[in-house]
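There are two complexes below, and they share subunit A, which is joined by subunit B in the first and by subunit C in the second.
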Partner chain A sequence: MSRPHSFPTSSAVSRRRFIGIGGALAAGGLLAACGGEEPVTGGGGDAAPASTLGTTSGASGSIRILDDNTNPVFLNGVVEAFQNDTGITVEYEQANFNDLHDRLATLFSAQDSSYDVVMTWAAWSAEFGQAGWLQALGSDAVPTDLLPAALDAVSWNGTVYGLPKFASAQTMFYNKELFRQAGLDPEAPPATWDEFVAAAKALTTGDRYGFTCDMGNTDGAYQNFVRTLLLNGGQMYGDDNTVTFNDERGVEALTKLRDLLTVDKVMNPSSLQITNASDLGTLFGAGQTGIVFNWPSQWAAATKEGAVVGRENTGNAIIPGISVTTASIDGSEGFAINQFSQNKPAALAWLQYVTQRPVQTRIVEEEGWFPVTTTLLDDAAITETLPVVSTYKEQSDFEIRRYGSPWYSDVTQVLSTNISRAMLEQATPQEALDEAAARATDIVERYTG
Partner chain B sequence: MSIPTTAPTAPEGSRESRADRRRRGTDSRTRGDRRFTLALVAPAVLVVAALFAYPIGYAVWLSTHQWNDKISPRHPYIGVRNYTTLFESGEFWDAMGRTAFFSVITVIGGVALALGLAILLNQDFKGRTLARVLLLVPWAVPPVVNGIMWRLIFDGDNGIANTILRNLGIIDENVQWLADPDTAMNVLIFAEMWKLLPFLTLLLMASLQNIPRNLYRAAGVDGANAWKRFLHITLPGVKGALMFALIVQSMWSIKVFDTIYVLTGGSGGPAGGTTTINFLGYLTTFSNLDRGYGAAIAVVIMVLVILTTLFWILLLGRPAGGPSRWRRKPGATADVTPSLKEPGRDELAQPAGVAGESQ
Partner chain C sequence: MTEPQTEPQTEPKTLPRPTGATPSTTRAPRGLSWKARRRGFTVLHRFLLVVAMIFFVAPFLWMLLYSLLPAELLQRRDPDLDLTRITFSEYGDLLTDSSFLKPMGTSALVALLTTLICLALGSFAAYGIARFRFRGRQPLLLAMMATQAIPVIVLAVPLFIIIRGMGLFDTPWALVIVYTATILPLVIWMMVGFFEAIPASLEKAARIDGCNRWQMLLRIAFPLAATGLAATGIFAFITAWSDFFLAKILTASGSTTLPVRTASFQGLFAMDYTAAATAGVITSLPVLVLTLAAQKWIVRGLTEGAVKG
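Our next item is the complex of A and B:
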């Protein structure tokens, strides 16, 4: 009888041999692991930066830059101007922000020197800086008038790993026309959480919700919780990085956030599946929601040609607090130098060029982000160009945090999963935060222990 | 006169028999053929070994180290601690549960649906060519575009899925498909099956076309109904392709990534509801940079894929002696067809009237 679909006998022998060879290789690998020395890579952990970079003397040649796609101005003239001014050739590349972390991690772990300059922000500066993958800068390389929040976004543990390209924090945007339609005073935005909830209720009609946020992915859920936590006077961590977000203030903050969706029913349910701020900005710009807490680029999205809301109907104010006046989360971004770069002086020249007035003015005017220096923030012309700058200055008088750290992504995942559970009423806020805190404590101990 | 019942045996010490000489010659030729075969495949085997064995060996090696660049530049050997931590982790078993659910639906459901479509498209009907061309459309769509497309379709505010369901009066309020772990998993399954259906259908359709039509005619003459024709002609006829489809679909299901990434904004949410084992490996390795632990997850995935493949091979690739319905007649000339020879009168006379029926 034939044996269809079965391997010939000789194949069976080959399979055994193959498995044997595979086993031998695996065993070889294990033996090598047992017998080999401890591998060492990078300069991570608590290792202090070996040396700092402070001068651009002799900067020449060429550099490659890997940025996110937030700032079109670089492609629209800034790179060209830098090349003309310095004689340094630039190869500038943009990538989606959400994909950039993994790409950079892969490049760095391979000690790749393809890119001299990379985009960074609070979490990555801490994470990649701690791993020894970013070049530390000396004090002489850092402008003295940088905004503290912007400088914080490129620093970790007292070491500066880059220079900011723009400053950013969330503020409140509201639709004045919808306020009028709801019988609310468009010139008197809500100043407290209760006023905010009341306004959001008045703005909620039919399919349109008074408030929308972006909690659809890990960072979104984290940001919305941390902002509410700060608004309630809470903190993510206490002394020595002790996890504190599950204390009374944290539980109350998460309860208030959940209540917007489940009790007050003023939060657009699609908030749980909106994964980025630009989608949120589009929704607000289209007049589909009354209030959002968003980044400064929201102004540009709401006032650009074709947007339903328009400049005259876009209101902007500080975010109403729960137990404090206000608070916000930071979203400043910057550039850092790859530790494995072959042309660090030229890379530093780019970092410094971006912080200077001509580039900053373009970023503010054309893209709606905040400038990185106090000098420019106080400039009347800047405020006239971008009215939300004055709100940012007001917001800056209160707490603006992001809690960038080497364990940021680990804790963010754990926390966002549990925040989603609470929002979906799969767990109480207390249960969700306790679960997240227990795991976050283990994670932080792994890093600091 | 007595008739010898066995072949005469050569006296001890006499010349070897013709049978022995024949056997010895055959063995010698077989050995020569085998050496020649080995020489021919050796370069390919070396390349495969370099491309596959090294990364696998490296992953296994990595999984025995504590390798997180954010924690320490030193990466000590820790034996199987990453594996014990993994097996004690609730997160791992949650991800395994989701992977099992996702895989069972997409493998069994996907292949069954593909078989049904393949049978349908194998019939003669007007517009068959157009239908076959349209079938290829999902296959031509890049995976990321596929994910974005389904994300827009199932958007909670402006998605067309909600619009259609509301217009049909099925729902009163918009459903937030991607905000709930259960519905998000269902959307993921839907999107994956839509993407993979063309390949599976084409594979099975090619196999169906190898089944001689006269087998069906003969079965019809013998009074076999559609179900019996399907059971006794179609299924045995596509057995090889079916096994292949089940194996590759199982692999793809266990390793699903791109659709999850795009649908959930790279989070595997909501509330971890779409974090399958492969996505957990991604988050661990690339987001948390915990490469040792991530490698342990990768090795577990590899073992899982091997075990699943073996399961299908043992179930469907079983030689004669297995379940009779899957056995083939002697003399079958192609892997995917029960028999290419014309059915004999005896075969047509069987109740089921099919070739490829059990022996």
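Our next item is the complex of A and C:
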């Protein structure tokens, strides 16, 4: 997920963190004073929720859902079908993703039960889950065949706080026609980092760069670094959330990422200004770059009517690894149940309904996202509908991470600021990552006590 | 009202200056005439003004260009400013789109009501504070200013709980109440300065002529404080019109305001640059028009309030 933001800053206390902590304290205080329906935990430490929600029969009544506006499919029939199938009345509302965090934090802090179901993703599942604002699910409420990366997006610290609505990860897209023009085999995409750099060099001409990415905002810089880190076998955190991204693998990963821009000169300098996946997709679809690592929506952008590249010239493969075969970054989204909901059984019925075949098939076919279960990922009919699914299937055999955590937003800001410094050669990769690691360590300690 | 003091219009007679000599300062370069020095400062001053103007105006102009030209022209490595391709189609689309017009109406309603209420309550309160001496007058003024030091984000949850409790969540009235509560202290503070700037002797004279307190207020004080009222009103309108955070927290789809609607053009995976820029221009137009139309009042009003308050 590429969340548009202004260019990274190094502010120690972000608005998001501020409202999160303030809200957690307020909720904790109110809960302590008034007593809750169920015991919940405050905004710190590793405390797990005291009770979980399991599947119950005969869910009924009505629910309100607050979603982001990524999936028009819900408004276009899914909500209606759910109501018809279950008899549960649904009031479904979409809001802009960028507004949702603060709205949700306020609602939760006030113990508001207006919405029974809310949209979530890796960072919010951790942040809101740890604050005790999301209802933990019991094992019998969670489908057994969920993809690990998709499940990870709705979990934190071993507790499942929701169910995914779609899976997403970045894969490699390349322009087959440009490969041919550069003397490269369009049916043999680069499989290693060295091959990727060589191909990008061959694809770079006087008016076009071989590779482009979206590092123009906080999350974009973070994603591009974390993906390269994983490709080099590194990890963001070790045991007990120890910061490890500045180890040898991390420094090498950032060096390789920077070298694409400064040494190999195959990375479009605009990459440092591109702030979202759509612009990246448009650039690739217009044939203005040879290779991108992008979300599944890239397929639709490159093959839609009017796109220069087109279906026959859009190549898709797993991302070439540096010291591992491949790895990717996760962008899955899901739904979670508001801890203060008055109708949790009906809310759970919605969560489970969305993971089932009819809804998932529509999400894949109409919106181009990946299905959330291995069963559907193995379904030939779905692969035929969306060729990128087969690549995702291959990609999902390897590591796909997002490192969602309660401190995600803060660490992302710190890290992306320093990644930008390294990319602009204002600091060496080692200096930049050491600085980021020192600050990230402080941040993590603040959260974990 | 007396005019604020500005630079002396004539040179001090006590400092005779030989022809061609510099004033008695050791910092001036030797041999540089006073006139040349002054001209140099003028040039530097104007140059800095131009730089500042470019700094502030350039982003708006870029936004204007984005609203008028196809985005693909501007997103090229070398942006193509082909003015023959200017189109107002996005303005037409937005201004006929009910999902944009409704927030526009909500913003206008909220900003106007807030302004009227703040001016009505604020001017009377300010007059009372300015003209009557009572125990706790200064602490009251300070307390009102102190409220402005509280970050609005701290108030978000309590405000949400109050508004929800009143059954006003997702209504324009929620915003009118909250904006009035947050803007009114500053309005009072500003207006106190304006009323204090009006000589009390004028009101005494009016009283001698038979005016009662209300008549004095309506016929003497308010007309004389008109520039201040205008400046304060514009300030209140712009603050209410531009707010994003509280509108985001206290409303949902039912009472979205223009800034929140404008922000929605920036999505999770994509951004509609042309629509966002067009909405940005439309959102800033009332502020721009108001400011330009009432520029003299604002400068005069704020200066008077600042100097004499």
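Convention: the second predicted complex is superposed on the first by the 399 of 449 C-alpha atoms of A that agree within 3 Å, B and C clash if a C-alpha of one lies under 4 Å from a C-alpha of the other, contacts with A are read in each partner's own complex, and residues count from 1 in each chain.
The definition used in the following text is that contacts are C-beta pairs under 8 Å (C-beta built on N, C-alpha and C of every residue); 3 or more make two chains touch, one makes a residue touch a chain.
What you see is a predicted model, and the numbers here were worked out from it, not measured in a lab.
K.L.:
If you stack the two complexes on chain A, which partner ends up touching A:Asp112: first (subunit B), second (subunit C), both, or neither?
P.N.:
In the superposition, A:Asp112 contacts subunit C only.
K.L.:
Examine A:Asp239 and indicate which partner it touches, taking first as subunit B and second as subunit C; both and neither are also allowed.
P.N.:
In the superposition, A:Asp239 touches no partner, neither subunit B nor subunit C.
K.L.:
Would you check which partner chain A:Asn98 touches, where first means subunit B only, second means subunit C only, and both and neither mean what they say?
P.N.:
Both partners, subunit B and subunit C.
K.L.:
Of the partners subunit B and subunit C, which touch A:Glu187 in the superposed model: first, second, both, neither?
P.N.:
neither
K.L.:
Could you say whether A:Arg421 touches subunit B, subunit C, both of them, or neither, answering first, second, both or neither?
P.N.:
In the superposition, A:Arg421 contacts subunit B only.
K.L.:
With the two complexes superposed on chain A, say which partner A:Thr218 touches: subunit B (first), subunit C (second), both, or neither.
P.N.:
In the superposition, A:Thr218 touches subunit B alone.
K.L.:
If we overlay the two complexes on their shared chain A, which of subunit B and subunit C does A:Asp140 touch? Say first, second, both or neither.
P.N.:
neither
K.L.:
Touch test for A:Ala277: subunit B only (first), subunit C only (second), both, or neither?
P.N.:
Second partner only, subunit C.
K.L.:
Given the superposition on chain A, which partner contacts more residues in subunit A: subunit B or subunit C?
P.N.:
The partner that reaches more residues of subunit A in the superposed model: B.
K.L.:
Thinking of the overlay built on chain A, is A:Asp68 touched by subunit B (first), by subunit C (second), by both, or by neither?
P.N.:
A:Asp68 contacts subunit C only, not subunit B.
K.L.:
Jot down the residues of subunit A that show up as touching in both complexes, subunit B in one and subunit C in the other.
P.N.:
Shared contact residues on subunit A (touching subunit B in one complex, subunit C in the other): 1-4, 22, 26, 98-99, 102, 106, 109, 270, 275-276.
K.L.:
In their complex, what parts of subunit A are in touch with subunit C?
P.N.:
1-4, 15, 18-19, 22-23, 26, 68-70, 93-99, 102-103, 106-107, 109-110, 112, 114, 270, 275-279, 295, 297
K.L.:
Spell out the part of subunit B that touches subunit A in their complex, as residue ranges.
P.N.:
For this pair, the touching residues of subunit B are 34, 49, 53, 56-58, 60-61, 64-65, 67, 69-77, 155-157, 174, 176-181, 239-240, 243, 264-267, 269-272, 283, 286-291, 316-320, 327-332, 335, 359.
K.L.:
Contact residues on subunit A for subunit B in the complex?
P.N.:
Subunit A residues touching subunit B: 1-6, 10, 21-22, 25-26, 28-30, 32-34, 36, 38-45, 47, 98-99, 101-102, 105-106, 108-109, 127, 130-133, 207, 216-218, 220-221, 268-270, 272-273, 275-276, 283, 288, 406-407, 409-410, 413, 416-418, 420-421, 424, 426, 446-447.
K.L.:
Sort out for me which residues of subunit C touch subunit A in the complex.
P.N.:
Against subunit A, subunit C makes touches at 75, 77, 153-154, 156-157, 160-161, 164, 169, 245, 248-249, 252-253, 260, 263-264, 266-271.
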